[in-house]
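In the two assemblies presented below, chain A is common to both, partnered first by chain B and then by chain C.
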Partner chain A sequence: MNAKTRRLTVEIFRFNPQDPDATPGTECYEIDESPYMTLYIVLTRIREEMDASLQFDFSCRSAICGSCGMLVNGRPMLACRTLTASLPQHIRLYPLPVFELVGDLSVDTGRWFRNMVQQVEGWIHERAPFDPDAQEERMSDDESLAIYESDRCIECGCCVASCGVANLKPGFAGPAGLNRMARFMMDPRDARDDEAWFDVVSNEDGVFGCIGMMACHDVCPKELPLLEVYAYLRRKTLAAGFR
Partner chain B sequence: MVKQSEPPQARQQLVYELVSGLSGIALAIFMWGHMILVGSILTGERGFNWLAGTLEDLYIAQPTVIGVIALFLAHAVFASRKIPAQLRERRQLRDLAKGLGQSGKGWPNVAGAPAFSPHVESMLWIWQVRTGMVIVVLGSFHLVLMGLDVFTPLFGERIGIEAATTLERVRGGLWPLYAILLLCVEFHASVGLYRFAIKWGAGARLKRSVLHRIEQLLFWAILVFGVITLAVLAGWLEPPLAFLLGDNT
Partner chain C sequence: MKSRSLHTTDVLVIGGGLAGERCAMEAAAEGLEVTILSLVPPRRSHSCAAQGGMQAALGNCVKGEGDNPDWHFLDTVRGSDWGADQEVARMFVDEAPRAVRELAHFGVPWTRVRPGNNDYFVKGEPVVIREAEENAGLLMHRDFGGTAKWRTCYASAGTGHAILYAIDSEVIRLGIDVWDRCEALALIHENGRCWGAIARSLRTGELTAVLANATVIATGGYGRIYGKYTTNATINYGSGAAIAFETGVVPLGNMEAVQFHPTGLWPSGILVTEGCRGDGGHLLNRELERFMVQREPEKQELASRDVVSRHMMDQIQNGNGAESGYGPHLWLDLRHLGAEHLHQKLREVVDICRDFAGIDPAQSMIPVRPTQHYSMGGIRVNKDGQAYGMAGLFAAGEAACWDMHGFNRLGGNSLAETIVAGRLVGRSVAAFARREKLDTGTALARRFLDACEADIAAWLARTGDGPRIYAIQSRMAEIMINKVGIFRNGPDLEQAVSELQDCLHDCGHAVLHSKGPGMNPELSDALRLQGMIRLAITIASGALARTESRGAHFRRDFPLRDDRHWLKRTLARWPADTTSPRLSYEPVGLIDLPPGHRGYGKAEWIELGKSLEEYNQSVGTLQDAEGRLASEEPQGSRMSWGAWKSVATTTGTSK
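Let's look at the complex of A and B:
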């Protein structure tokens, strides 16, 4: 085993936007690989043993909080579920693009997602005022499973960072936003009909902003069927546009 | 809620998307038919002349030329609307696509399989823009040339396409231009169809990897056929199917 132990070179983007004297650059750290090592372990060890000033986000360490998205050798991934064994010896870590940089590898995905949710109104528009005493409305298994599939999004921002359009156009709802639209379009409790959705979906900030690079689908850590979601939205626009 | 767009605009956007996609499909289908028609040169000049003459006598060629020019312009206008205008933005897209495309290279396999599947589609999009721009330039030239050949007596002895003048043009120095155009068109058409299929949901019936294979198969099959045809037109290769029409061509 020992003969196989690699010494990893981890090149990390360093920049603190709060520091007026700081300039963006990278710094390299050398670390011995250990069995089942994840990037979470690598970064924690670097911060504890080599550089206490290193900034990065973590919370759950089990790919459900969506905090640790970062560019690993150019590909957006969750650091906590990425084994170093699946990476080359030289590992480049950059913060996700699109989002505002907090510092080093830490970005503010929250603000982007808040704006997106407001844009697509990603919440249930009630048909009638909520009655706490009434029995819950029923939903078919198929409907609830389809909604659940879209709802598995953890808002890590990997899809957004990999999206060419989201990188260039701040108004674009992005992969996560399109997924959010589909999620509420499918929901029978939502009051918005196809006609109302047509305005939101059928424009350049909606599904027709997508240029079909397909990276979002490939990088999604939760393996959401994003390409099918967009096809669903497109077909819905056909139905609404030519009724 | 701040309205994103008024209803007519939503319908307009849908129409734009459909025009760009459907004109692309129509052009791709035309290009394959076109490849077969030009491929008639593989049977020799006689076969080529007969086919060209017949299509012109039946007035199939003339409206087709006009229709293709219209489709070509429509596709150029509507498909290009998503290309970023600023060079800085294009660089940003290219760097992103390059990073994603190369990210899987040199990654060790875990348990015998690559940990992350390679991602090529972002770079394919970049190349689709590049080939599209080349096609706009070289394709326009070709369309003007063919328009003149079909509608005027400028080339050859009669109004219409003839093998002799076609061969003369290609041999006379246009072959590099046609080689580039061939490569760009076949790439652009197969990748465009693949993307269109994914966008509108063919992935639900066929796996994406299967669609990708079909795209590659179409690209290579038609490219090889096109290269052989071009080689005959350029005079490097005797028409290999000349025996079909007898010896004297």
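Let's look at the complex of A and C:
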């Protein structure tokens, strides 16, 4: 706290698609660093004190809701949990690629992810209707933990933005989509068998679209084990294919 | 003004969090057309931030043995400091087990019972407990404050996230129409009947009149009235309550009942879980003294949330807070627990400290401060979730005052409320929408659209050197945390009301600096401001009028709970063109468990001074007079009179 205060230069991509006169560009803001300062604090202060038109998205501001993915000095990350202390004096902020731009740093991850969930039918295909008066079905805690591990994805879009294939090919389920498939494939409550999954997973929009660059694995803020996820999917589809 | 349009639907649900989505599912399952509005994609709603868990009395583990809805009822009513509606509490505890099991059916990866020896912490001490083979694989429970049994079901450290994803997946499966990045600005209503809402796109700024046969408000809490002094998400503006309030006829209940959590990370306000103190963490002041030991020799750091928060504020107000560039705070010290314990048992805390404070709790103390956490008050509804005074308007979840929490909600009870209320209120909504006809013209919709447009135009047209909205916002927050916070007293509250009225006045002169096309973030914030200030004034006014202390509402000048005068619920309405709410009161509801000692906190109170029979007799009439609409079943139909006696004889904490 007694270290000399830095004066940060924050260079931000600006474009409002709703404004017919607007052209894309960047704008720089100068702000004094303070202790525990995150990009959430930086951006809110810029909006409140310097430029009230600046668009960006935050909700939980605690790395839980996935609203605030953006490119920070070129790397997709959650702005809310990024401390300025971990960044150089000059900070460049750009919206995530792949997703439709809402304005400035705000992109439409919501629709992308809803489409993805529809594409992979990311819900439990029940085996029997719910019986409100029965005891819950049993499941081992290990099994449950394994599902939880891939259920932890917060759909922030960082992996999608970092993915070479997703950047070029709109139909590709993307790392988050593949992870979502695996999550339901391993759930014993889901009625879909390997063959039912085959058509969704085993093609160019599914696991065989991935060309293994694995940037997704490095940028995931939740540190999901995506390498293992893809290996699991390949194993499952190969097994189903041979049957 | 440019584009505006009209949309018609059977059911409009304002809010895509757990309460709203679960409610929407119920109506969609009945074949009704449902439209959900949400400020953010539903999965980013604040419900995702809940980590702790969801209470349901299943009694699956050793520490939960013998648990049942009667115990849950007892804990909930005691926790509420008798402010709850006991019939609603009963409906809630009876339904919670079904709700939690249904979530398992939808795919929530609940933590399960592991048979054999398990390591737990009980009151800071490590213990080994053997879980029975016959319970293997059932839903596991963890310990939470204010409960007689371990009852809280959880999915590792991400319960809210896991539930919200499961529920939203069902919403997508059912093909329910969700308008994300869309905000309800006003209700469309006439002669005590609600017909939908005016929605504003947060992509383009366009307005749409959504005409609906039934409308549900499930917009969550209003923590942002306290500015940065809240654990709530940045989108928790309380605008659902504000637009209901704006009608002038729908009352808000018990707005003065505001919960504070002792350990919000400072300065971000992010929640640091109670588990830290559960495992033996210490609270220290600027002199590094463990002040809780002296203040509460018995329970120390583990006294209830409201008690700990009060002692902490005491320290800060007496100049014993540590300084940071952001104002005074206290320290949470976990260093003595050791790196291994922290990394194994409190991993999320380590992550939060690293990500948001840049510290390692094994090496450094954590800066914390009591922080606004939960809104017990909200839109007052009957037991079906139907708003007082306005047919066709319903509310559920944190936005509602259904009222199972009274003046203090227990940890784990609010996630459970969202699902239970979603199921029950959803059914009433569906029944209503099937029974009634959507029977209003577009003229009414146009009138409300015009009003919203005029409001927007006025904001954009105003020029000069008036105050900025962000200055007003932060002034409101400072007033709320300093004068309508944990400790309250008459003179401060009076001042707060008058200063907040100044804020309201300033709001009428404030000038925008951003006037460009599109959603315009500053305009969006401006449109919320008046409603937020009105809620703030209502909280302060209710607190000023309530000359007693109950649950989270603590008056230094009236430190006792006063059942003789205050065993009642505050109702507030906002008449047009005024600067303060009109307050009235109703009985809390039918009383089964008689008011007494909660089992913790002060053992002194002022007695009711009449029989429960006498109290109960007047409940229906007095509530009807306050605008309660008829419920599908008569009042009292869901009471289980005296059932609590089967467990209350075995009193005390059985944990």
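The criterion applied here is as follows: the second predicted complex is superposed on the first by the 240 of 243 C-alpha atoms of A that agree within 3 Å, B and C clash if a C-alpha of one lies under 4 Å from a C-alpha of the other, contacts with A are read in each partner's own complex, and residues count from 1 in each chain.
Everything that follows uses one rule, which is that a contact is a pair of C-beta atoms (placed from the backbone, for glycine too) under 8 Å apart; a residue touches a chain by one contact, two chains touch by 3 or more.
What you see is a predicted model; the values in this text were computed from it and never measured.
Trainee: Mind checking the superposed model to see whether chain B and chain C fit together on chain A or clash?
Mentor: Aligned through their shared chain, the two binders fit side by side on chain A.
Trainee: Check the residue A:230 against both partner chains and state whether it touches chain B (first), chain C (second), both, or neither.
Mentor: First partner only, chain B.
Trainee: Under the stated touch criterion, which partner chain does A:83 make contact with: chain B (first), chain C (second), both, or neither?
Mentor: both
Trainee: Applying the touch criterion given at the start, work out whether A:199 contacts chain B, chain C, both or neither, answering first, second, both or neither.
Mentor: First partner only, chain B.
Trainee: Here's one for you: vertex at chain A, rays to chain B and chain C, all C-alpha centres; what's the angle to the nearest 10 degrees?
Mentor: Computed angle, apex chain A: 160 degrees.
Trainee: Does the superposition put A:191 against chain B (first), chain C (second), both, or neither?
Mentor: A:191: touches no partner chain.
Trainee: Between chain B (first) and chain C (second), which, if any, makes contact with A:72: first, second, both or neither?
Mentor: The first partner, chain B, only.
Trainee: Is A:167 in contact with chain B, with chain C, with both, or with neither (first, second, both, neither)?
Mentor: In the superposition, A:167 contacts chain B only.
Trainee: May I ask you to decide whether A:36 touches chain B, chain C, both, or neither, giving the answer as first, second, both or neither?
Mentor: After superposition on chain A, A:36 lies in contact with chain C alone.
Trainee: Looking at the overlay, what does A:97 touch: chain B (first), chain C (second), both, or neither?
Mentor: A:97 sits against chain B, while chain C stays out of touch.
Trainee: Now for A:213: first (chain B), second (chain C), both, or neither, which partner does it touch?
Mentor: first
Trainee: Quick check on the superposed model: minimum Cα to Cα separation from chain B to chain C, whole Å please.
Mentor: Closest C-alpha pair between chain B and chain C: 8 Å.
Trainee: Using the superposition on A, tell me which residues of chain A are in contact with chain B and, in the other complex, with chain C.
Mentor: 83, 85-86, 121
Trainee: Residue numbers of chain A touching chain C in their complex, please.
Mentor: Residue positions touching the partner: 1, 16-20, 34-36, 38, 40, 47-49, 51-55, 57-67, 81, 83, 85-86, 102-103, 108-111, 113-114, 117-118, 121-124, 126, 130, 132-141, 144-145, 147-148, 151-152, 154-155, 184, 187, 189-190.
Trainee: Name, in rising order, each residue of chain C that touches chain A in their complex.
Mentor: 40-41, 43-46, 48-49, 58, 98, 100-102, 104-107, 109-114, 136-140, 155-156, 158, 161-162, 165-166, 169-170, 172-173, 178, 180-181, 203-205, 233-235, 267-268, 270-271, 324-326, 351-352, 355-358, 468, 470, 512-514, 516-522
Trainee: Note which residues of chain A are touching chain B in the complex, please.
Mentor: Per the touch definition, chain A meets chain B at residues 71-75, 77, 83, 85-88, 97, 119, 121, 162, 164, 167-168, 195, 198-206, 208-215, 218-219, 227-228, 230-232, 234-235, 237-238, 241.
Trainee: So in the complex, which bits of chain B are touching chain A?
Mentor: 1, 3-7, 9-11, 13-17, 82, 84, 89, 92-93, 96-100, 102-104, 106-108, 110, 115-117, 119, 121-122, 125, 195, 198-201, 203-204, 208
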